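Look for chain A in each of the two complexes below; its partner is chain B in the first and chain C in the second.
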Partner chain A sequence: MAAVTKLVHKYLRHDKKFPNVWCPGCGNGILLGSLIRAIDRTGLQKDEIVIVSGIGCSGRISVYVDFNTLHTTHGRALTYATGVKLGNPKLHVIVIMGDGDATAIGGNHFIHAARRNIDLTAIVVNNNIYGMTGGQYSPTTPYGALATTSLYGNIEHSFSIAELAVMAGAGMVSRGTVYHATLLDDLIEKAIMKRGFAVVEALSHCHTQYGRRNRLGGAVEMLRWQKDAAVRIDKAKSMSPEELNGKFTIGVLTDRDLPVYTEEYQKLRESARAMMSGAK
Partner chain B sequence: MDKEREEEKAAETPEAGSKKQSVETGSGEAKTPAGKKKQFEIDIFRAWCKSCGICAAFCPRECIGLDEEGSPFAEDSSRCTGCGWCELHCPDFAISVREKDSERPVN
Partner chain C sequence: MIAKRPPGRQLLLQGNEAIVEGALAAGCRFFAGYPITPATEISEVMSYRLPAVDGTFIQMEDEIASMGAVIGASLAGVKSMTATSGPGFSLMQENLGFACVAEVPCVIVNVMRGGPSTGLPTSVSQGDVMQARWGTHGDHPIIVLAVSTTQDCFSITVKAFNLSEKYRTPVVLLADEVVAHTREKISLPHAEEVEVIDRIRPNMPPDWYIPFENNSRGVPPMSAFGDGYRYHVTGLIHDVRGFPTQRPDEIVPFMDRIFRKINQHFFDIQMVNTEMVDDAELIVVAYGSVSRSARRAVREARERGIKAGLVQLITLWPFPRQSVEPILRQVRAALVPELNMGQISREIKRINQGVARIETISRIDGHLITPNEILTRLLRI
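Showing the complex of A and B:
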């Protein structure tokens, strides 16, 4: 049996929810494939994993997978995930959010989860626009780009999600694209196994809302753009700023060992209990 | 006694070898001797395919073509090297590449 069929049968609710609702050629499907391959490589049992997702096209991922799943309110995926993780620290909690979900509606939760360094894996699917709600501009829509709410060009500047997470104090931050699917498998696998807050920014494409309005072509052309504009982080170090103009780096941006919130909390509980038993 | 046993073993081994060979040839072309190219087959699951055209556009050996309606089909699977690019990038899990004459996927 082909490898992909085995994985689909093992990890996806293939007999109920497929074919998926996404537009033809959507990057969310490619990311879902990367996610199940990465989970398969970690060797974790299905019951050890919780997938939490917010609202948006990427929020549908939790519906298709056969793990413990939570489909939560807009922007609050990280808060629900924090609760799950603190309730049972043995679980591996993976949070899937869109760009608007993570940096606009849930922007505060995102930077504070990173600051606390809670042991979660956050996958942010960045497609530069609010796709599901009709193509409004999001915090990652580039300057000058067209959207239904910026008919004359976007006058705001965009967030760089990965760099934001680095500055906010996340333990591990990486960026990949759905074109570089094997790299994305590696990045997600590393992020799941990382102790601490691990962010994976997965650059995707929305050809229906963003590509068509900005004359960037369909799914194929937007994937080609990802291929051309992405530079591996090792290679980027030897390139000049002029050469890197209009490009973005992919790979692991930062990997550091910081005190993890869940472990610190456990230590605090134990020391408080010892104090209480000493007082008796 | 030992010599006899050795002779028996020697007599057995070629037989076992020939049995194995016959099994290999019986199972088909996939297990051809080293040096010959492996053959792959591309299966497209039509019920899930949305005809986005990613597989046909990016196949490095141009094995996959698009018909009049834009649906992909395996144009020439003899060129396929089994790289699995289409399998990795199909957003709908509708394509799988397997070695020829290997076990068929259970539907």
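Showing the complex of A and C:
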């Protein structure tokens, strides 16, 4: 317990007016814990880290942590982060977005940041709903689910965020849940240390807006579902498609060495300088 | 004969290229943009020039992203710019508002073309004057400058960066298709002759830094991410420490300050060129490429014995009322030619309060107003 308190004192802002905005039982608190544990393990200095967040419940994380923090417009967090990273490549930029934030309004920015393989860490907190605005369906709300804008059942099909990131070209992609908190610590730590675009899809729960309306129970029941439906990725390899029906995999989906944007740009600068001095 | 130092580099440039030269001279080292005619040359030249001076160019996925990246880079301490035209400028409005409320210095070039919507690609227009002022939602202060020549494109771009750094505000530079694509002689000054202003950075111990302090200038020092002053930047209305607030006693001082920082430095910001106005009975108020037609028309009117004068607006917003108002009090009539349905003439009428007679020429067919059109009207007033 003492270790936890130490981290809280080290990384949370005490001049900020706590308590936080989240509902009791929200997964964002667990994610915040994972984030600061992972950062602590990397050994990076607080001044070297920039936390960029979008709009939504998850977007408020940036207020509570004692780093350089940037709370941007809805869906645009990755664009601001791109500017920060290119402006000062020495900074470690961690972006926190929600599912609607990253894949609806910010979907274009998400796939292009992945395609560029720019050196950012992108954590997508996926709770299957727009929680802050009161429970409208998002791009990850399951087919048939109820939301305030799908009272007859959702007829849209959901994105699989991690797989989307793999296909778009991200260097590292992983998925965890807020139930598997120690795994989430590892995944975030690996993502921060990865050179290139590293995505962590963190499955979370919104019992207030999603669970309640779809009769999935409270926070405890929804966490239990995460425990039951998650399969470690190495274990999934030996399972049949029937066994995997209704389950999802957790762990590192892909980790590949692709050219990193910032490093490529540095090479480009050198050739530009050579060309310019040759021209004179 | 004493060898004289050459007055800088004499070049033949188009307006868009001169804007790049101005930006680089002002210290711009980051550019994010998305292709759109008639602003594309700015991106093209930036992509070529910036990496050679340790800067960064990136072509983003759209104009929304470009504006976001520009703000991010500025927060990391790098002077940043983007360039676009009408449709792209509409997309930038969301994040432009963020730059206003979070007080992030940056320059947005809008090379105006005919609108609305896809409009008249890519004919000249001045249709975005009001959008530049009020395009983003909510009450916000902003500085908007207009350029009329290639030389302006250089010097006013430098000025735009200086104002944005000095007052921690986005500055919109309005060019138009004619200025942007006219190729003419320009004299580029030596680097040391260009006055460059950088944002004030904090020098106190980090614990003492109050990032949005309500000081007498209205402009708090700005730390770059990574400099050791960890603070919070948000698009929410915030208290002096940068944290979101809903308290009226914190909201009102904040809003007051961001308006005050522009208003109390009004005389530093307003730029107006006048020509032959001292004894003028008739004046032409113009800006951008139209002011060039107006200058010729005024000179020709003088040759015919008409006491005409020119008031060329460089600062459009905040509207340079203190400069224009006294002139309106001394003349019989003012003619406002512009390439829109009357965006600046509306402002002239507002400050004129019925004193002088106000005439307008509105041309929205994608062509420049000619000196003859203005002269003909001057002869009739």
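Keep this in mind: the second predicted complex is superposed on the first by the 277 of 280 C-alpha atoms of A that agree within 3 Å, B and C clash if a C-alpha of one lies under 4 Å from a C-alpha of the other, contacts with A are read in each partner's own complex, and residues count from 1 in each chain.
Methods note: a residue touches a chain if its C-beta (ideal position, glycine included) is under 8 Å from a C-beta of that chain, and two chains touch if they have at least 3 such contacts.
In this text, all values refer to a predicted model and were calculated from it rather than measured experimentally.
Peer 1: State whether chain B and chain C clash or fit side by side on chain A once the two structures are superposed.
Peer 2: fit
Peer 1: Looking at A:H109 after the superposition, I want to know if it touches chain B, chain C, both of them or none. Which is it: first, second, both, neither?
Peer 2: second
Peer 1: For A:D255 in the superposed arrangement: first (chain B), second (chain C), both or neither?
Peer 2: neither
Peer 1: Touch test for A:L223: chain B only (first), chain C only (second), both, or neither?
Peer 2: First partner only.
Peer 1: Could you look at A:T182 and tell me whether it touches chain B, chain C, both or neither (first, second, both, neither)?
Peer 2: After superposition on chain A, A:T182 lies in contact with chain B alone.
Peer 1: Is the number of chain A residues in contact higher for chain B or for chain C?
Peer 2: Per-residue touch count on chain A favours C.
Peer 1: Using the superposition on chain A described above, determine whether A:V8 touches chain B (first), chain C (second), both, or neither.
Peer 2: Only chain B; A:V8 stays clear of chain C.
Peer 1: Nearest CA pair across chain B and chain C in the overlay: distance in Å?
Peer 2: In the combined three-chain model, chain B comes within 19 Å of chain C at the C-alpha level.
Peer 1: Quick check on the output: what are the common chain A residues between the chain B footprint and the chain C footprint?
Peer 2: In chain A, nothing is touched by chain B and also by chain C.
Peer 1: Could you list, by residue number, the parts of chain A that touch chain B in their complex?
Peer 2: These residues of chain A touch chain B: 1-5, 8-9, 12, 14, 18-20, 22-30, 32-33, 178-179, 181-182, 218-220, 223.
Peer 1: Using the touch definition from the top, list the residues of chain C that touch chain A in their complex.
Peer 2: Within the complex, chain C touches chain A at residues 30, 32, 48, 51-52, 54, 56, 58, 60-62, 64-78, 80, 94-95, 98, 224-228, 230-236, 241, 243-244.
Peer 1: Write out the stretch or stretches of chain A touching chain C in their complex.
Peer 2: Interface residues on the chain A side: 13, 15-17, 46-48, 50, 52, 62-63, 66-73, 76, 78-88, 90-91, 108-109, 112, 265, 268-269, 272-273, 275-276.
Peer 1: Which residues of chain B touch chain A in their complex?
Peer 2: Answer in residue numbers: 43, 47-48, 50-54, 57-58, 84, 87-98, 102-106.
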